[in-house]
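Here come two complexes built around chain A, the first alongside chain B, the second alongside chain C.
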Partner chain A sequence: MGPLVINEIISENTNFLLAFLIGIAFGWVLESSGFSSSRKLAGIFYGYDTVVLKVFFTGAITCMLGLLFMGLFGWIDLDLVYVNPTYLTSAIVGGVVMGVGFIMGGFCPGTSFCGAAIGKIDAMVFIGGLFIGVYGFAFTYGWWEKLYLAKYLGEPKVSQSLGLSDGLFGLLLIMAALVMFWVAEWAEKKFPREEY
Partner chain B sequence: MMRPLRLLALILIPMGIIIAAVPSNKTHPYQPSPEELLDEVNSRTQFISPDVVADMIINKDPSLQLIDVRSRDEFEKYSLPGAINIPSADILSEEYAGLLNQDIRMNVFYSNGTVTANAAWMATRQLGYANNFVLEGGLNYWFEAILNPEKPASTKSDEEFAKYDFRKSAGQALGGGGLTVQGADDQRSTAQKPVIKPAAKKKKAAGGC
Partner chain C sequence: MATNEVKKTKYLNPYLGGVLLGLVLLSANFISGRGLGASGAVKSVVATTIKAVDKDAVTTMPFMKEYADSHSGNPMKSWLVFEMLGVLVGGFLSGTIAGRLKLKVEHSPKITAKRRLVFALAGGVLFGFGSQLGRGCTSGSALSGMAVLSLGGFITMMAIFGTAFGMAYFLRKNWI
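Let's look at the complex of A and B:
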């Protein structure tokens, strides 16, 4: 029963190979959904193009349903699945930095590599900024350490904090996503843009 | 042709209703049966290697909680950084139930060897508590492996040497005798935070777009 790596069904190296293949597939899907265009990505903030919201939310919900059903069938032990630990302060600060960077730069980290792969110069500049940020953070880590590790909450799930079962929270999330998609389609009609 | 949104809704909503209606699968029973407990003991999954613990102490990993199960006297003489003392006789006392039965932190029991720590672990495991572990080899092995690591023979693999380098720098950071060869006493206080390449701990990739 999964997860495969922790239970040593596949080795760490096979895991990296699979990650490599999945990464290529991910890049291909991003590119074919048009995610290498910063104008298309930025559209989510102005309402003329909401493909980002649709693709990522559909991906998240598909993944969530897959995991929940596999857990139900006993194919995967959800207790062993890695959950990102929550450091509340850094999550909020990081989220703001990421969001502002996304609006200003027109890319998020993954899509900037996608754009660079097809030769977009703005994406390459964005990657340059990405590395400045990464190295800047790494070399000044001492200044941020306290903030970085503040408000550690363990590995809570939203469903746990709300006192709901995973399945019920899943259903609510699906409904919320469908409502968002509907609003998004309405916004696209309301704020159309000819050429971008 | 149906609109994509409607098609999506037609697939997702029924699946969501199904998953909300069925009880979630509890792959782990609350209390392990004697057979399962024996299995766990034999598979030695409760043991955490000193390298992992040293790495977590140095990185000030907030999820680590070291628990010294020796007597108070022994605890006062020497304890690991950040450890708290719960003598093994008091391990089942109500007072500590909240500390031992939780799913946020990783409790690591340690004693001089492993016998006492293992007994404490067994008692908590019997109650169905998770997230409790035992320091492999206890303090005796800690002194041997982390504070005074032995240089591997030159014929050993690179991995052995990487492990040795890690242990030496970890020992130095944790106030061990790793540097005494060079003679200076004050080196302990100026010991640098070592650069760590943990071989044992699996780094998990975080997601993101």
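Let's look at the complex of A and C:
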């Protein structure tokens, strides 16, 4: 059955309409969870607000479980679902650069659009920065091409790389998340703050 | 509706928000066979403008060639562009209903608005650059990648959050 577009159950134009609707839901959930506030987002790095950790991991786990079960029931062909390729070097270096951007800017791209949508000027400036950064990469791509393409590992799953089944890895991830949530609840009590 | 209850719960319960986020991500995968994203939409706009200014860019600029190889057709007619337009609408609707619609620079009282904006700009530049190098941002690479158990997604997630944690001490004045 799924993915609907790849199996040509719905048309390409319907796909774009659904992309817009999915975007509305995505923006709604992010904003109503408080992801439109940079001070709330940055809280995870100081322990006073751990909403990022809770929403992010609960979200990833919910989807992961959904996909695993839907695959098991034959509702979706997981071989047709896009798995991000792994280029080891650029995954790490790109992630480090993004991490510095995160703690300096207080947003990530998705959340900055949410902040801008409700009038946060700092979010709009951050988006301006995003464009400068992407243009910068585009015009200097030649310098980074080697780094960008280095250590290509294909599209491995983390479970494969660890020699575990998807289900067992999923269980371990859930247990790790529960421990992190417990620490997060403790940290929020220890470093209390007003709601932003 | 109990009004004092609404005041107390200003934001959605984070675990409920997470489950809803997961369901949105699951729908994207079920419908389109792909996860959510954000920086990809910025990339589409950038590619469109470069193409508009320089028609030969596809042959002269390696970035544009790489982009053309991985994306066919009009860059603005892309899944992520439509999705991000939706994000603006969804964020606006949620903020409007919750009464959070306000034009302002949000910053810690210990720093000036100007300092906040300078750091926001610099952070945006780095995030934009890093998202291209890392093939996607927190949404496309970390969140969506983790949900499909991509090794690269987990690595990028750890690199983003690990680095931000490591740098947090040096930038604490901006936030606490």
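Just so it is clear, the second predicted complex is superposed on the first by the 193 of 196 C-alpha atoms of A that agree within 3 Å, B and C clash if a C-alpha of one lies under 4 Å from a C-alpha of the other, contacts with A are read in each partner's own complex, and residues count from 1 in each chain.
The working rule: a contact is a pair of C-beta atoms (placed from the backbone, for glycine too) under 8 Å apart; a residue touches a chain by one contact, two chains touch by 3 or more.
Worth saying up front: this structure is predicted, and the values here are computed from it rather than measured.
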item	value
Touched partner set for A:Asp122, first chain B, second chain C, both or neither	second
Chain A: partner with more touched residues, chain B or chain C	C
Touched partner set for A:Ala19, first chain B, second chain C, both or neither	both
Partner chain in contact with A:Cys108 - chain B first, chain C second, else both or neither	both
Which superposed partner A:Gly74 touches (first chain B, second chain C, both, neither)	first
Partner chain in contact with A:Lys157 - chain B first, chain C second, else both or neither	second
Touching partner for A:Ser165 - first (chain B), second (chain C), both, neither	first
Touching partner for A:Val96 - first (chain B), second (chain C), both, neither	second
Which of chain B and chain C A:Gly136 touches, first, second, both or neither	second
Touching partner for A:Glu185 - first (chain B), second (chain C), both, neither	first
On chain A, positions contacted by chain B and by chain C	5, 19, 56, 58, 61, 65, 82, 84-85, 108-111, 153, 155, 166, 170, 181
Touch list for chain B against partner chain A, complex	5, 8-9, 12-13, 15-17, 19-25, 27-28, 60, 62-63, 103-105, 202, 204-209
Interface residues, chain A side, partner chain B - complex	1, 5, 12, 19, 56, 58, 61, 65, 68-69, 71-74, 77-79, 82, 84-85, 108-111, 149, 152-155, 165-168, 170-171, 174-175, 177-178, 181-182, 185
Complex contacts: residues of chain C adjacent to chain A	10-12, 14-15, 17-39, 42-43, 45-47, 50, 61-64, 66, 77, 79-80, 82-96, 98, 100-108, 116-117, 119-168, 171-172, 174-176
